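Heads up, the next two complexes both have chain A, just with different partners, chain B and then chain C.
What follows is the complex of A and B.
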C-alpha cells in the first residue's frame, strides 16, 4: 500500500470500514475522483479562507466570473492553455513509453528561438514565413532532444537528467539572443529580440486567440488515434510496458525510443512557435517561457498520459492560472493564490490515488461473495491477489522493524 | 524419511480460519495443527490457500474468522513483528535481502537486539557465533549479490532464526533452487526439526513432500482435505487429494524420419556477460517430433533458445529453419517462418503485465495481415482473437480487457503457450514451459505442445525437470556447460545414464 493508503487505513481502522485495493482502475472513475479531489481541495481552501476572515464566496465568484463572465476571460484561458497543452502532449507521448521528458521547457524555448530567427530574417508572404517558422521550430525542438534521445536509446543514460539540464542551456541561449545577436536595438525598453512581423490568423469571432488553438487539439486527436488503432502505438505501449517483451516481439526498441523522443521534442518546439506567433508575443526575452514546460509536465503526469485527459487538465490548469492573475489584480495576495494552486493540484493527485482503492464495510464480504459470480475470477486469481498484498504487507513490516531502535 | 516427530505437543494450532479477498474465499474454516520438532508439509495446487494460511500464521494477514494458538496461548497478530515476537517467522519465496550489504549486515538489519553502535567486525563475530549455534554456514563478510540463490536462502533462514523463531515457515523454498541446493536445504530443515523447532514446508512437488516431511496437510480450494503422517503416503494418493481428480497425460513417443525443421551445425554463442555459453552445438529437430533438452539450468539452454529465435547473435556455426539460414534474419523474419517461442521468463519477456490480455495475445504476430493492414491495427480482430485464445486455452480472466498481470501464473502461461503454439507452424521452442505451474495448468500446457507436434510442428523442449523431458520427448539431448553430451531416442533413454551426463560425465564414463 502506498504511504497515503496506509494512513487512510489507519484512520479507517476505528470505523466499520476498511480500504481495499482495486484490481483495476477504470478511466471514468479515475477522472471522477480527480474532479472530486479538486472540488474537495477548493472546499478546504474555502473554509481556511473563511476562517482567516476572507470572503471565500466572493473569491470563488470573482474567479468564475473572470473566466466565464466575459469573452476576454475565455480567450485569456485559451491563450495560456496553448503552450501548456503543447508541452503536456509531448510529455504525455513520452510517458507512454515510460520516458520522462523533463526538458519540454528547453525544447519549447529552442522552438521559439528558431521561429524568431526565421521570422525576423526572412522576407516574403506572411503565410509562407509562418509555415517556415513552424517547420524550423519543430526541427529545433526535436534537435534539442537529439542528444538525450541518443544517450537514452544507445547508452541507457537516464533522460531525466539530460533533458532537465538542457533546459538551462536553452534559457541561456535565449537570454544571449535577447541581449546580443538578435537584440532589438531600436525599441530597447526591455532586453528582447526584435519582433517577428507576422502573426497567425485569428479564430473567427475571437479578439486575440489565433488558429494556434486548433494545433494541440489536432495533435491530441492524432495521438489518440495512433495509440488506439495503429501498430506504432501498440509498439510504443509495449516498450513502455516491458522493453524485453518488446524485443521478444521483434520491435526495434532503440529506434522507436529515438523516434518517440524526437517527436516529443518536436511537439514542444512547435508549441514555442505557436506562442511566439500570437499577437503581442512576437519577440523573445528571458521571461518568454514562464515555465510552461513545468505546468505541462504536471498536466501530463496528473492526466496519466491520456491525451484527452491532457486536454481537459491543460484547460483546467490554464483557467486556474488565469483566475489567479485576475484575483491578484483584485488585491488577493500572490502567496494565497499560490497556496490555492498547490492545494488544488494536491487534491487532484490525491483523487488519482483514491481511484485505486475502495471502501468496504467490514464483515460484508460474505454477503458480497454470494452476490458475485464465483466463477468470475477463478481460484487462481487468489494467488495473484495474495502475492501482491503480501509483498506490500511485508514491505510495511520491514519499515516497522527498521524503525525500532 | 526419518520420523523425528515424537513430540506430539502443538506449537501452532489454527482453528476455523477463514479469509477472503475481494469476496472470493481463499480459506474456508481451516483447522491446522503443527507439532514441535516436526517438518510439516503444506501441499496444494496454486490457489489452494497454502500461502494465505501461512501469511495469517506469520501476521501478514489477519484472518476474517478463527483463532490462532501459539504454544498454548491465543494470539492475534497485527503485524509480522508481532508474530516473530511470539516465535513464528516466515521465509518468503522472493527474498527480501539488501543486495549490496554483507551477510552479517543483513542478518542484523532491523533486529531489535542489534547494538546501536557496532563495528563491522563485531557484527561478523555475532553472525558467526549465531551460525555455529544453528549449524547454518555462510561467509558473513560476503555481499548478498555474490551469493548463490541457495546461500541467499540460508541467510533468509538465519535472519528469521536470529529473531528467535521457533516456528519456521518456508514458502515454496525449492522453487528457486537447483536439485543439489534443494538436497542441502532438506538436510538443514531436518536438522532444525531434530533440534526441536517446528517447520512448515509449503510445496506442490510431491517428491519433496515424501523426502522431507513427517506429516502433511493437503489443502484444496481453501479447504483442508487431510492431515496425516507422511509415512505410508504415496505420491499418487497426495496428487489425487490435491487435484481432486486423477489425470495422467499419456504421451505416445514416436520415431520420426522426416525432414529436419531445425538444424544447428557447430553453433557457438556468448552469454550476457560475454562468456562462451554454447560450444560447437549440433542439433537436429525433425517435423513432428519433440526433442527434449535435459540439463541443469544455466548450462546454455537459455542461450540456445535465444540464438534459435534470433534474440541473440551466434559467433560461429549455422542455424537453418526448413533449410534456410537464419544467421542474419531478424526476430520478425524468424517468427514469420513459423517459429514460436515460449520463453523461460514469461513475465519478464513473454508478456506485458501492465497491458490488457487482448494486447498480449497478439504480441508475437500483431504485424501479420490478420491484424494489421499497413499502419493500422484492427482492434476488433485483436479482440476476437483474444477471446478465442482465452476460451480455447481456458485462461481464467474476467475479460480480455483486464491486465495480464492480474492473471495467475498458470493462466499467464496458458495464454503464452497457446499464443506461441499458434505462431509455430514449423518450430516451437518451449523453455521450461511448466515451471512453477500447478498440476492442471502444467497438463494443459503440455497438451498444447503435444498437439502442435501431432500437427507436424517440430518442438524443441527445454526443461530442467527431467521427469518432464522423459515424459514428453521423442528424442532427448543432454546439455552440460554449453555442450551436447549425447542424444538418445526416448526408447533408449535411461534415467541414471542421463543423470550422469547432466552432471558432466562423458558418454563413455556414463556407459561404463
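What follows is the complex of A and C.
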C-alpha cells in the first residue's frame, strides 16, 4: 500500500464531513455557486498579494473606478469584450454537447489572418471588402476546426489536445505572416503585417467602439432561440446529456458533433475579423490575440453554457482584463493575470461541486438515514396491508443497505 | 556515400533530439502515471513551469550547489501544486478538465511572476554529462546516444522500464490499473481509490516538475518566461500516441524531439529550399513539431477505425471520471 495514499485516505475518513449528492441541481443555485467560487478565488488571490505587500484590493478598486467612471473606460471594456464574447460563445456552444474547444485562440487567429489576406489584397468598395473579410474569417475559423472535428466525431479522438496543439500552429503561422510573407516593410518598430485600409462604422455616440459590438449580442440571441425553440437545439442538448441515449433516439450524433464543432470554430474566426476591423487594430502581429481564447473559455465555464450568462460573464472578464492593464502600471507583471485566471477557474470548478453536492456531517447523516428508513417502513405498512409480505422484504433490504458503512 | 550522409544526418538529428525532448519524456511519464489511475492532469504545462522556476530559485537565491538537490526542490514544488489539484479533483470531485486547465494557467502565471527578476541569468549548477571514458570519441557515429546527462538516461530508460515492470508484472500495478479501469471493483477488494489516485497524481506531478527542472539545469540552461513552450501539451499528446504504454512514449517523445532539432539545425545552418528561402523555411519548420504531434495522435485512433489494430490504444476506462462509492 502506498504510504501517502493511506495517509490521505485516513485523513479523508477522519474528517467529520462527507459529500452527498443533491437529488436535483437547481440552475440558479449552480450559477450563484459558480460566481461565488470565482469571487472567492479572487479574494484569496487578493489576500495572497496583500501578504506580499501589495494592496491588490485597493489597486483593483481604483482600476474599476477608472473604468466605470468615464466613457473611455467603458469603451475600453467594450473593445475587449468583443473578441472575448465571440470566443466565449463558440466555447459555450460546444459545451452544450460536452465538447471542450480549447483551441478558440487558434481559430480566432486564423479568422483574423484570413481577413488580413482578403483586406490587403482586394481592392473595392469598403463595405464589400469587409463582407468578404467576414466570410473568409468565418470559413477559416471553421476550417481550423475541421481536423479536430473529424477526429472527434468519427475517430473518437479527444478534442482537448488536438484543438490546443493547433493553437501553437496558428501562432507560428501568424508570426510567419507578420515577419515574412505579408510583412509591412515600411513599419519600423513593431513587426506586423500590412494594414487593412477599411474599418467597420462606429456605433453612434461612441469614440472607438464599432458596430462589431452588436455581432456577439446577435449571435447570443440566435443561439438562445435555437436552444429554446428548435429541434436541432434540443438534439444537441440531448447529445450533451447522454450521447448513447441520443443515438438510440435516432439522432445522427457524429454528424451533429461535427457540425457544432465547425460552428464553434466559425464563431471564433469571425471574432478575429471583428477584432481586426476596429480602428487602430488593422494589422496583425504575433501578439494579436492577447489570450482572448483563454479568457473566452473562462467566460463560458463561468456562464455554464448559458448564452445570456456568457454576455454577463464576458463583461465581467473584460473589465478584469482592462483592470489588469491598470494593475501592470502599478508594479504587477502581466503574468499575474494568468495566476488570477487559474484561481478563478478552480473557484468555478469547486462552485459547480457545491451546487451538485452538499456537505453532510457523517454521524448526523447516518442517524437521519436510519430514521428515514424507519419512517418509510411505517408508511409502507400503513398504505398496503395486503402486500405486507412484499413490503417486509423490501424493508429488510433497505435496513441492510442502511446498515452498510 | 549517400547512405553514410543520410545515416550521419539521422544520427545527429537523434543526438540532439534526445536531450531536447527529455522534458517531454519526463512529463509524459508523469501524466501517464496519473492517467493510469484515472486522473487526467491537463496542467502539465504549469507543472513544468513550477518545477523549473523553483529549481532556478534554489540555485540563484538559496545557493543550492547540487543539481540533484535543485531538481528535488523543483519536484517538491510541483508535487505541492499537484496535491492541490488532486485534492480538488479526487476528494472534492471537481471537473478534472477545469481544474487541470486552471493548473496550467496558474502554473504558467505563477512561474513567470516568480521568474521575472531572473530572466536570462545563466545557471552554473549543471548536470554533468556521462562520459563513457575513452571508449568513444565525440565524432563517433554512436556518440549520438552517449555523452548525455544522467537525467536523460533515467527519463528514457530507467523510468519506462520501472513503470512497465510495475504496471504489467506486479500485483501493485494490477491494482493501479484496476483503479483506473474499474474503480468500483478496486474499491470492493479493499484498494482505497481516493488514496491511490491522490498518491499517483502527486507522484506524476513531481515527475513533470523534474522535467521542468531538467530544462533549466541542463537544456537551456537559464530561466526565460513561458519556459515550457507547449511541451506540457505535447507530453499529453505523447501519452495518447503511446496508448498509455511507457515504452511507446519513448517513440513519441523522440518523434517530437527530432522535429524540434530539425528546426534548430535548419536555423543554425541556414538551410533553404529552391522554392522557399531560409527564413521562410525556418518559420515553416517551427510549426512542424506541433503538426507532427497532432498527426501522431490521430494514427492509433485512425488505425483502429480502419481495422488495423496495431496495439491496444484505449484510454483507461475511468479516465477523468470522479469516483464515489455512493454513486457507482
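For the reader, a short list of remarks on this structure follows.
Note that the second predicted complex is superposed on the first by the 267 of 405 C-alpha atoms of A that agree within 3 Å, B and C clash if a C-alpha of one lies under 4 Å from a C-alpha of the other, contacts with A are read in each partner's own complex, and residues count from 1 in each chain.
We take it that a residue touches a chain if its C-beta (ideal position, glycine included) is under 8 Å from a C-beta of that chain, and two chains touch if they have at least 3 such contacts.
The model shown is predicted, which means the values in this text are computed figures rather than measured ones.
Of the two partner chains placed around the shared chain by superposition, neither chain B nor chain C is touched by A:257. Of the two partner chains placed by the overlay, only chain C lies in contact with A:181; chain B stays clear of it.
Once the two complexes are laid over each other on the shared chain, residue contacts for A:339 go to chain C alone; chain B is not touched.
In the superposition on chain A, A:247 makes contact with chain B only, not with chain C.
Of the two partner chains placed by the overlay, neither chain B nor chain C lies in contact with A:305. In the superposed pair of complexes, A:357 makes contact with chain C only, with no contact to chain B.
In the superposition on chain A, no contact is made by A:273 with either chain B or chain C.
Of the two partner chains placed around the shared chain by superposition, chain B is the only one that A:238 touches, whereas chain C remains out of contact. With both structures placed on the common chain, the touch criterion links A:229 to chain B but leaves chain C unconnected. Residues 20 of chain A lie in contact with chain B in one complex and with chain C in the other. Of all the residues in chain B, the ones that touch chain A in their complex are 20-26, 46-49, 51-52, 55, 60-61, 64, 79-81, 92, 94, 96, 109-112, 116, 221-222, 311, 330-332, 335, 341, 343, 345, 348-355, 359, 363-364, 366-367, 372, 375-377, 379, 396, 398, 402-403, 405-411, 441. Across the complex, chain C is touched by residues 1-2, 4-9, 12, 19-21, 100, 102, 147, 151, 154-158, 160-162, 164-166, 168-169, 172-173, 175-176, 179-181, 294, 297, 301, 333, 335-346, 348-350, 352-353, 357 of chain A.
Chain C contributes residues 42, 46, 88, 91-95, 97-99, 101-110, 112-113, 116, 192, 194-196, 198-200, 202, 225, 230, 233-234, 236-237, 240, 279-280, 283-284, 286-287, 290-291, 293-294, 297-298, 301-302, 304-305, 315, 324, 326-327 to its touches with chain A in the complex.
The part of chain A that touches chain B in the complex is made up of residues 20, 23-24, 228-234, 237-238, 241-242, 244-245, 247-250, 363, 365-366, 368-369, 371-372, 374, 376-387, 389-391, 393-394, 396-398, 400-402, 404-405.
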